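As written, the chains take the letters A, B, C and D, and residue 1 is the first residue of each chain.
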Amino acid sequence: MNMIYIVFIVLLGGALLTFFANRISGLLRDTFFLLTILATTVLFFTKIHIGDTVSFTLAGLNLKWGLDAFGWYFSLIVLGLGTMAAFYALSYMKGKDRLGYFYFSFLISILSMLGILMSHDLVSFFIFWEVMTWSSYLIVIYSGRNVQKNGINYILLSALGAYAMLTAIVMVYANIHTLSISEMINTYPQFSHVQQVWLPVLFLMAFSVKAAMMPLHVWAPGAYSDAPMAYTSVFSGALSKMGIYGMVIVFVSMISYLPDDTLFKETFAWLGAITAILGTLWAIAQDDARKLLAYSSIAQLGYIITGVAVGTDLAMLSALFLAALHALFKGTLFMAVGAIERQTGTVKFTEVTGLIRKMPWTFIASLLAIIALAGIPPLGGFVGKWMLYESLINSNHYILVIAIFFASTAAFLYCYKFLFGFFLGQEEKEWENVKEAPALMVLPMLILAAGTLVLGTFPGILLKPADAAMQTLGYASTEGHLWSMSILFNEWGDQVLLRPLVYAIAGTFLFFLIILTVKGWKNTRYVSTKDISSSGEVPLEYENLTFSVNFYQPFLRAVGPVMKKRMIYYYREFGSGMEALFDYSRRIYNGNGQTYAIYVMIFLVIILLFKNSIFG
Amino acid sequence: MQEILQYTWGALVSFVVAFTVGITYMGLNRKITARVQNRIGPPWYQNFFDVLKLGSKETSIHHGVMQHMGPAFIMVTAVMSLLIIPILNDNRFFPNLNFHGDLVFLLYIMVFGPLGMALGAGQTGNPNSAIGVTRGLSQMVGFEIPWVMALVALMIQYKTTSIVDLMNLQAETGRWLMFTSPFAFLAAVLAMLGMFRYAPFDIVGAPQELASGPMSENGGKYLFVMMSAGSVFAFAKLTLYVDLFMGGANNLIILVVKTFILYLIPMLYGIVSPRYRTEQAIRYFWGWPSLFGLLAILQAVFL
Amino acid sequence: MEFKLFDLSIVEYAFFITAVLIILIGLYGALVKKTLIKIVIGLSVLDAGINLLLISVGYVKSGTAPIFSPALIKDMPLTLENIKKLSEGMVDPVPQALVLTAIVIGFGVTAVALSLVIRLYRHHHTLNIDEIKNLKW
Amino acid sequence: MVGTPVLFIAIPLLAAFLIPLLGFVWKESVRILPGLVLLYLLYLAVNLMGQVAHSGTIVEVIAGWAPPWGINLVFSPLTGLLTTLMILMGFIIWIYSYRFKNIDFREAVKYFILLLMMITGSVGIVLTGDIFNQFVFIEITSISAYALTAFYKGRDSAEASFKYLIIGSLSSMFLLLAIVLIYSQLGTLNMADIADKAHLMKPGFKILALIFFITGLGIEAEIFPLNGWTPDAYAQAPGPVGAAFSGIVVKAGVYAMIRVIFTLFDVSGTHQFLIIIGMITLIIAEMAAVKQDRLKRMLAYSSIGQMGLVIVAFGIGTEEGVFAALFLMLNHAIIKSLLFLSGSYLVYNSTEKYIHETDGLAKHLPITSFLFALGAIAIVGMPPFAGFWSKWSILSAAAHSNMILVIVLILSVSIIELVYYFRVVNRIYFFPKQKEVEPKRPTINALIAMSILGILILVIGFYPDSVTGYLHSASQSLLEKGKYIQDVLSTGQLFIQ
């Protein structure tokens, strides 16, 4: 039996076993869960090789699964983050109920993502896409908060996207009578002009929903913040990347054929940039850490979309690199929020402060992730952002550069808010007894955060598979070509130019740190945060010195006009309008049997009147 | 090894130069401000005493690791900017880590230190620090827009992202960019007003209101390092402007003259201005300066 | 056998017109009258009209009963031609069979309807169909 | 040969009359007998299906009168498939309702007789080859359905039943009118014979007859605006009867309508008419379903919508379209029955059957809730469950006929459908339980019945090839009109010779 089947069977069987083991004992369930995900990861990376395929027939359709370098790159994200999140979940979810259900959905969503990456035909792609939707939906509603609002929003928009994709798929199937993705791409230039425009539009609709692009992003803040944090890291880190995966395929294989005057790429690049800007602004306004990170995810995906849409070699490389990096740092951050939620019971910046001394490891992981997110050298985020800027400048998208730059500068605001809100500031009595999260939660965070650190100096680790993925997509590219793409890479061959800078930074930092530490070492002592000077007075015990409400009020006042109404407001208006219409329409059934009989007669009379035009 | 030693020596010298000049400028600022306001004011070398006093003071308290590291962060920014920005045209002595694309790198490294310091300020637990930080960050988002626009305009116009290239270009043609790209210069200079945080953009530290904001819990060695870093950073920024728009400098004297002339702009503007609130400041930067930035880009694209 | 609807005599027309009239009366009763009993009566009238229409289709003027009695057959061999010849002048038996069935069905439906009316009256204490609208929308 | 098609009608009718008699001897036999009958018929149907696949359509002549004079039963791949489906659904519903009216013996006798009659009538509608005979079976089905709708005395069931009865009487009137028209023109009642001679009819009469048929059968097939009775009847009938309505009775109605349109007449424009009317039915029903506050009523509207979709698929008219329609009929029978069966346990002790009374029942009725959720996910067409494949085949059939608008409309409506089903599922799983609601644990036989349906959903979902072969031959047999005529009439010629 082919290894591809075995991986899927292991995942599905493991999911079912985990689900049923829940009835027997918690330990058995956890064991099954962990074994399944580990076995999948090991099998996948040792036994499945790039180029393996299997094909079979189902319901008269030829289905084909296989792995290529592009899929492999994304599988790396899925399984890497998935494994870490699985370890994290064991500890995070301890003591909650419906665990069988949670682990089952978790594994099924991993399965569906692998399935998407391995599908070589449209039907299995769609099937796995939908499985991904409902399995993640199950987790979104797991907590039971706002299921009717956020859950329905999520499933509704996902369905909108999925059905757009389904329309495109049946259009393709009717045209070329085959479902193979590569066939579709090959025959795309021969499609009629209308179809050439509509196909990518429909596909991109589906993908932009999952990638949370404006204006289809409205589900994301609610869904990301409602899912348990152990899964949200996968949700935002890996699942949203499936949208990016699809977008890359569509952009590379379809839109590049369209004539330039359709402005397709420009529109999309701008939508990505607007997503980044608005996502950032809304993130700044949040007081709930989960919401903040959710909007931040939307914004980060906006950068990636821009990179994909611009589509030059370097832009694509940066998008792929950022996609993996986003998984690393956003995974870490969501896990950190989860850790804080578990230890303190709240995730509001306005409630919890001063955790740095209580949860130092969580703080270190968050700090690294935040630095990577902000794109500050020397961490990995900078490399990705750099490539993006460079590709935008080289391809003459100047205004876009400014938009992206604005978004990433404004991102510092919420980055600071995250760190300050949780870890810094006054150490209040209320949180005196908070302990560091268990090792099983801290370690995955630290490992992921360390990943961003390593990638800052050695991005080649990730750029090589990304380059291989791009070769699969048809970018004429060799390894030498890759290194000559960006000025960051050119002189050191396989490593970046930044190294001496990194050494200089580290050297300077350490030098001054040592000065600061050595000077007056004996005399300097730690004092609590209550012991501060406030205009010469010593603050009293009861004085509230925590600053966390209306954190960025001045800034939000300045950008007020753009943030008056949220996009979801318009959706809500539309939705309630539709519901009113539906409510009105059912009044046709007014309950009177005689009226129904009269309907029958009216129906008959109408048909009789128009029988000549109906039955020509 | 020889090379590294030489670089380190050069770095030290440039640091000392930048420190001296920066502190002097600050002293001059106090003096001139006083004269304009019809006071006598402290002598121009007063700031040297201040720094020396801070450096020699015993520091007895800190509020945690981040606060302890904060000044080091800001120092990294100052030193790195100094290392990346070429100090003199065609210089042999001063170390230079610049590379193609250092403009973008600089944009990021310039916010690295303030953020690090902001973390330190945050840990002190003084609400004034945090309020100051939020104001500072918000204002930064404001002035980064015209600043980036100006830089992007330069990048478009001269097809390079390297400072050295821009300096060489000015040396070759003999024309300063402030004349060939006037709008970019205007936008950059207006953004500089925000960078220096003198009035009307001094709400970040607003001494009367916030007890000097982010700095408020720091004293002794911490404030010493911060002040030093501030002066070095100020000099580095002025040098950058000189390099970009005023043709650089062939020796230190010319550099000092040009930087001082530039420095007069935020200083004099500040003396005669009241204080903006944060949102007013942000809107200010997104008004005329950004318009100039846009004009600069249009000029770069179409001319 | 050739069956035609419209080349018929006045008498045969009379059947059709009567049948259609009865159907219309039945429809009127079922669709306009508000009382449940009247609606049921209307439905029964409707049934009767349809049955009349059905039977009139098979009507042959002054036809005989469709029975191949020994007297009729005598000693003719039962070939197709002979059967055809014999059956000319007989009324068509099929509609009669149909009508019988239809009447039985109509009876059943009326019985169910009336029992329902009783139940409705007990439940709602009214026979006005406009007031029996608990189930709607 | 294990048996002939006539047994499908004869045995259950006989059993229906024997039930009360045997009940005097042994009370339990009232419950057991229908099951035995249905089990035997299921065995018979499966056997005959194998035989049909092997050696072609079986045509059985009743009482020695050969077609076109006598009544004949046709067991073709199409009718065989539907018969098997109906008997299977009947059997599952019998398992489910084995303990129904456990205490009240007289009620149980009535229930089982009527249920058996309804199943027989529906099977008869499908099997018969004679339009008047079909009319009789429709009436048998309808009368038992009226009675079953009014089964519960306390509720508003009599009202629902009476509405059903008014509309049903109109339906039978139109059917008889159509039959009169055809008989007066062609002098025959045999479907194959009518199909053979249809071109002899005057076009005006032909269309008139078609319109009467569409109106009459459209009432049974629940097309808009002839479906006023449907939500009331579904909502008021006992749970298993609702399942039987959506799984058995409607299917027979749709079959009759499709047989008339595809085989009896071929009038141009009918297919477009089907698409339009199906589309309107689908849209209005799904729109009405969104704002329902009663569970079974919502399911009823959903059922109407699905029937609209079936009619649209038939209207596409290609082999693929017919295949898709039959696939959807199959899936809908299974899934909607599951929804009705599990749903009626969720609102078991409630008089008003409000949706909010199901809040938080997942903790108390885990398996029932799970099966309901499975059905909801399956019916909106989420892969990898059964509903997806039928939706896929409908869409691809529409795409092959270049009906983009139809695709867009179907998918838009699917989104509406998704919303209201998921709202209910969310309530069941995540809302706090209402205090006054007392959940009723399902009996073991009910659990077995629901589980069978759940397993069927999974089997078809993961391995659609298990049914597609039958569906393909069924759809071919519907479209090969000439073969149908020949199959039936050749029996008659054989008989004469």
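List of remarks:
Keep this in mind: a residue touches a chain if its C-beta (ideal position, glycine included) is under 8 Å from a C-beta of that chain, and two chains touch if they have at least 3 such contacts.
This one's a predicted model, so the numbers in the text were calculated from it and none came from an experiment.
Note on connectivity: the fewest steps through touching chains from subunit B to subunit D is 2.
Set side by side, the interfaces A-B and C-D show unequal numbers of C-beta pairs in contact, with more at A-B.
Subunit A and subunit B have centres, each the mean of its CA atoms, that are 37 Å apart.
One inter-chain figure worth recording: subunit C and subunit D are separated by 28 Å, centre to centre, where each centre is the mean of the chain's CA atoms. The distance from the centre of subunit B to the centre of subunit C, with each centre set as the mean of the Cα atoms, comes to 102 Å.
The geometric centre of subunit A is 70 Å away from that of subunit C, both derived from CA atoms. Of all residues in subunit D, those that touch two or more other chains are 159, 162-163, 166, 170, 231-232, 288, 291-292. Counting partner chains per residue, subunit A shows two or more touched chains at residues 586, 589, 591, 593-594, 597, 601. Residue positions of subunit B touching 2 or more other chains: none. Applying the touch definition to every pair of chains gives A-B, A-C, A-D, C-D.
For subunit C in complex with subunit A, the touching residues are 27, 30-31, 34, 39, 129-130, 132-137.
In the complex of the two chains, the subunit D residues touching subunit A come out as 159, 162-163, 166-167, 170, 174, 207, 210-211, 214-215, 218-219, 225-226, 228-229, 231-232, 267-270, 272-273, 284, 287-288, 290-292, 301, 377, 382-384, 388-389, 392-393, 395-396, 398-400, 402, 404, 407-408, 411-412, 414-416, 418-419, 422-423, 426-427, 429-431, 463-465, 468. Against subunit D, the residues of subunit A that register as touching in their complex are 57-60, 123, 126-127, 130-131, 133-134, 141, 144, 147-148, 151-152, 155-156, 159-160, 163-164, 166-167, 170-171, 173-174, 579, 581-583, 585-586, 588-589, 591, 593-597, 599-604, 607-608, 611, 614-616. Put simply, subunit B touches subunit A in their complex at residues 58-66, 68-69, 71-73, 75-76, 79-80, 83-84, 97, 99-101, 104-105, 107-109, 111-112, 115, 118-119, 122-128, 130-131, 133-135, 137-138, 140-142, 144-145, 148-149, 152, 155-156, 161, 211, 216-217, 220-222, 225, 277-279, 282-283, 286, 297, 300-301. Partner subunit C is touched in their complex by these residues of subunit D: 132, 136, 139, 142-143, 146-147, 150, 153, 156, 158-163, 165-166, 168-170, 172-173, 176-177, 179-180, 183-187, 189, 205, 231-232, 235-236, 288, 291-292.
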